[in-house]
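Got a structure for you, written out below as structure tokens; questions coming shortly.
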Amino acid sequence: MHTVVIGVIGADVHAVGIRIIEHVLRKHGFNVVNIGVLSSQEDFINAAIETNAKAILVSSLYGHGEMDCKYMKENCEEAGLSHVKLYVGGNIVVGKQDFKDVEQRFKKMGFDRVYPPGTDIEEAVEHIKEDLNTA
Amino acid sequence: MVQNKKIPWEEFLAKREEIRLHWQTGQSELLDFETAVERLKNVPDEKNFALKLRKAKEEGLTLTQPRAGVALIDDHVALLKYLAEEGEADLLPSTIDSYTRQNRYANAEDAIKQSEKQKRSMLNGFPAVNYGVEGGMRVLDETPVPIQARHGTPDARLLSEIIHAAGWTSNEGGGISYNIPYAKNISLSDTIRYWQYCDRLVGYYAEQGIEINREPFGPLTGTLVPPSISHTIAIIEAILAAEQGVKNITVGYGQCGNINQDIAALQTLDSLTNYYLKLFGYEDVYVTTVFHQWMGGFPKDESKALGIISLASAVAALGKATKMITKTPHESEGIPTKEANAEGLKASKIVTRILKEQRYSSSKELEAEKELIKKEVNAMLYATLNVGKGDFAAGVVEAFKQGILDIPFAPSEVNAGKIMPARDAEGNIRLLEFGNLPFDDEIKTYHKNALKKRGEKENREVSFQMTIDDIYAVSRGNLVGKQDPLKEFKTP
Amino acid sequence: MVQNKKIPWEEFLAKREEIRLHWQTGQSELLDFETAVERLKNVPDEKNFALKLRKAKEEGLTLTQPRAGVALIDDHVALLKYLAEEGEADLLPSTIDSYTRQNRYANAEDAIKQSEKQKRSMLNGFPAVNYGVEGGMRVLDETPVPIQARHGTPDARLLSEIIHAAGWTSNEGGGISYNIPYAKNISLSDTIRYWQYCDRLVGYYAEQGIEINREPFGPLTGTLVPPSISHTIAIIEAILAAEQGVKNITVGYGQCGNINQDIAALQTLDSLTNYYLKLFGYEDVYVTTVFHQWMGGFPKDESKALGIISLASAVAALGKATKMITKTPHESEGIPTKEANAEGLKASKIVTRILKEQRYSSSKELEAEKELIKKEVNAMLYATLNVGKGDFAAGVVEAFKQGILDIPFAPSEVNAGKIMPARDAEGNIRLLEFGNLPFDDEIKTYHKNALKKRGEKENREVSFQMTIDDIYAVSRGNLVGKQDPLKEFKTP
Amino acid sequence: MHTVVIGVIGADVHAVGIRIIEHVLRKHGFNVVNIGVLSSQEDFINAAIETNAKAILVSSLYGHGEMDCKYMKENCEEAGLSHVKLYVGGNIVVGKQDFKDVEQRFKKMGFDRVYPPGTDIEEAVEHIKEDLNTA
């Protein structure tokens, strides 16, 4: 049973999506650590260390995601979490932007997978299973 | 223990000195009361939010107001101008960014710099504290209609000082409505005190003959909130504001989706707020209402988004909401472009104007729904007053602790989070789990039966899965969530 | 004298031979009845218009259907496909061009050639006669949902033969509704006879076990037509069709703008059509309703157009119309692009789906409006029957002559043109001039009082100027026309 | 008092606009000859000859205007009506097209003034007065 850390980063209080993500991941048999809204990078990293998580799912809805996620990969590596997969989704930038651009920016920042607004979480579940089982 | 008592003037002034130190713009001389009063007195009537609302209510009009705010002031002014001219907005907002809402002014400052460099807004709103009174004045002076700050700030004291001194004659927020949906672990006593301060400020201006509008944030989490719950919070916040001397209050409500329930909600919002204000001794408060277009997840398709926006406008107009906060075809994606924002405004405008001479007729169903809302609101208000030993401020803190007040899907740990809503067969929002809400058996049976009927119709159990389906429903083009039989969960 | 009598089979067949000579495509062997019956029997259920309507009515759904038609068949097929896929249209049309409507097939042939050369449609619709049965078959085969011909053709006999033989299972039109609003001086006896032919054809197929839908054109001139007038025409055309053996009829109504009046109209349209069909002995006709989104002048702004489209959709859904003809954001400008057409469809779709579980509650106001409509319809139907000495076909001809039936703003000289509509203070369509409508004093007083109240409210006289203002109103963003005080006429 | 001929050309039955045009022109003191809907070029020309009209206002709503108006100027000239001003308005082409293009096409065809969809007839009245008084 894989452990994944989920939460909403930065000064973001959108609480609905993460609750459903938790629910769905649990139904799929994951051990889910939900650190909730208004979580800092440190909160994610500490939770991942403590629970020996294999993946971190960062949710960001409110638009400041790009700034909040800066150096997250580097900070993970520094904390010894280079092996932990990084996912990000929600409305991760300000405004309606071309998603290919956005995806590239976040991949450059070190995220393994980047999801556009309104992604069906079931879709991501398939990816997580894939990524963690081959890892 | 926080209490519903007008803040003594000396205490207020002392606090004020302290608050002005929170960020450098707090030290502007324009914040001195004499200057601010002068400034506010010179705001022309047609740019006074409170007066424009009064006029609209008398004429039976529903005014349109968008959300809008960007990091850089030049862009912000241009945006607001465009929304007034091309979008025909009757009222303007300045939506404040999320760093400012968390009082992280240094973060906001960084983001302003980054936005300048990258030539695009890196903030989800206008950082009004960083731009100070001077910035706020410029925004008001260069735009043609009244301006309101809209945010979600637990501690908006400095922000409120700045915007009012700049001549903005309305402020959204409240000690409950800007805490529970917008924070994780800030104490309710604190936020109630912060907002008593903001209201006291407006009360002070009222004493100087300046009418400023205050608006509790109606929709709360925007996610399947039953009308009676948002009404109860709105009424309590109206009472708390009135105690501090506020004379012009707009109570709000977010579209549920069933038209009968929505109209019942709008009508009772007005009547109950007036009723309880008077009951508790606040005689001379002018009450108006605001209807929020669908606050939950939107469909991706822009035409469909405009469909929902227009439907909401019809409900607002038929329910005689005094104003309506509009959404945009970009809602599901991100902060809208100015064009998308104007599209939402224009679709809204024509629908409200076409329907302005019409009202929703009374019917058995409407009266039944109104009765239910009234009973529920009454139950929650009296239970709150009871645990507060006769004081609403103290009562709120205790009521949330006990789950007598409980808001679905709130991020706050102060909130019990024990109730669970779901739609009945006609799309009315009902309750699946009551937590500790002080409802009698008659009310509970009503909810249970309604949900049972849906279960029978859909041939499935009444459960949290319904709630999840309902959360997704509108974004997928329905109101009552459909179970997806193809989607079976398998364990990895 | 034309009579409401089923056309004898031999007479029909003789006429048929003649009609097939009107244009070369009439000679196709695919028009032979054996082949045509075979073809129609092979149309799958989900592409049968009549069956899809039955299903929708049983489920309480309001289906969406656009207008669409272009000169070239490849483009026409691509257009319809797009509207079904991207626009999610539940039903498809093929709007026929205006030359074909006037039986000017040679003009249409020219225009097809010109369109090929210029690579853009020079026609305002699809010239189905010129493309013949083969063309029609291709259109049906390559698209996923049922297809209907929509036009405005006084003499649609060859067109009807061709489309049904091609497998299209619905045809819009009628001897009155495709004459008075669509022609200048064609005799009513002629058009009634032409449409008796079209109905007899459908009746023949019905005898072969093939259910084909027929739809009188409800909105007539689309310009301030009071519901009782369009209802009366719809009911008479339903009776005329039923006599010829038609078993599946959709009666129509164009949005007036006052929601109460619109819902009253939709509810009575269904109940009265069923009532009178049975009363006059047509027992086994399946009746459905169609709501036309606002048929008058549209605003230029595309978002505003979508606002009106969505509002109309709400009314259709609440009034439980079986289907709805959608408009587009390009309405005020010209035939829409496929994208604009899909936008209108999508906005319409989401609104009808969101409201599908909801109905409009009964109220005093609703029942009063329904009563008025019923009385007026009854008066016109009986007066028509009376002057026809018990025959509706003969009665219609005489009733129009005498102005007992009279349609506002119709181009036809057969129409008396003596009545004049205007809106009351709530936007209901009332009558300013009654011409020779067979209304009693009670009804007339009701109309007069309603208009008087508007006059008082607006402080002006009740006059034709109100009508003019009302004609412009929606395109300018109101329902009740506002007088423009700046606009004073001066003589040159 | 100037006489103007108005009507709706071709197979077009849109009857509302022309009725209002008639009403407004009358109010402005013109002698209006309304030949109604479904009028051919010949109908317009004959009416203008008979009534000695100074202007012809062609209304076309249904989209076939471009084809219906072909050679109208030439036909007017042939009938000795070169001096008669030609106006056209309504929804004169198929679809939402760039109006500048449309205007040019109709001006080339010999129309003096060309009006876009939804033109306020008051605006045209000013033009007609101008054109006829200077003519």
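A, B, C and D label the chains in the order they appear, each numbered from 1.
As a convention for this text, a contact is a pair of C-beta atoms (placed from the backbone, for glycine too) under 8 Å apart; a residue touches a chain by one contact, two chains touch by 3 or more.
Remember, predicted model here, so these are calculated numbers, not experimental data.
A.B. asks: State, to the nearest whole Å, the distance from the C-alpha centre of subunit C to the C-alpha centre of subunit D.
C.D. replies: Result: the chain centres lie 29 Å from each other.
A.B. asks: So the centre of each chain is just the mean of its C-alpha atoms; given that, what is the distance between subunit A and subunit C in Å?
C.D. replies: Taking the average C-alpha coordinate of subunit A and of subunit C, the gap between them is 54 Å.
A.B. asks: Distance-wise, how many Å sit between the C-alpha centres of subunit A and subunit D, to the nearest whole number?
C.D. replies: So the centre of subunit A lies 66 Å away from the centre of subunit D.
A.B. asks: What are the residue numbers in subunit B that touch two or more other chains?
C.D. replies: Within subunit B, no residue contacts more than one other chain.
A.B. asks: Residues of subunit A that touch two or more other chains: which are they?
C.D. replies: Residues of subunit A touching two or more partner chains: there are none.
A.B. asks: How would one label the connectivity among the chains shown: line, ring, star, complete, or other?
C.D. replies: Graph shape, chains as nodes and touching pairs as edges: a line.
A.B. asks: Could you please write down every pair of chains that are in touch?
C.D. replies: The list of touching pairs comes to A-B, B-C, C-D.
A.B. asks: Which of the residues in subunit D come into contact with subunit C in the complex?
C.D. replies: It comes out as residues 2, 10-16, 19-20, 23-24, 27-30, 36-38, 62-64, 66-67, 91, 93-97, 117-118, 122, 129, 133.
A.B. asks: In the complex, go through subunit B and note every residue touching subunit A.
C.D. replies: 98-99, 101-102, 104, 107, 111, 114, 120-124, 152, 181-184, 221, 223, 297, 300, 330, 332-337, 340, 409-411, 464, 468, 471, 475, 487, 489-492
A.B. asks: Given the complex with subunit C, which residues does subunit B contribute to the contact?
C.D. replies: 257-260, 299, 301-304, 306-311, 313-314, 318, 342-351, 353-358, 361-366, 425-427, 474, 477-480
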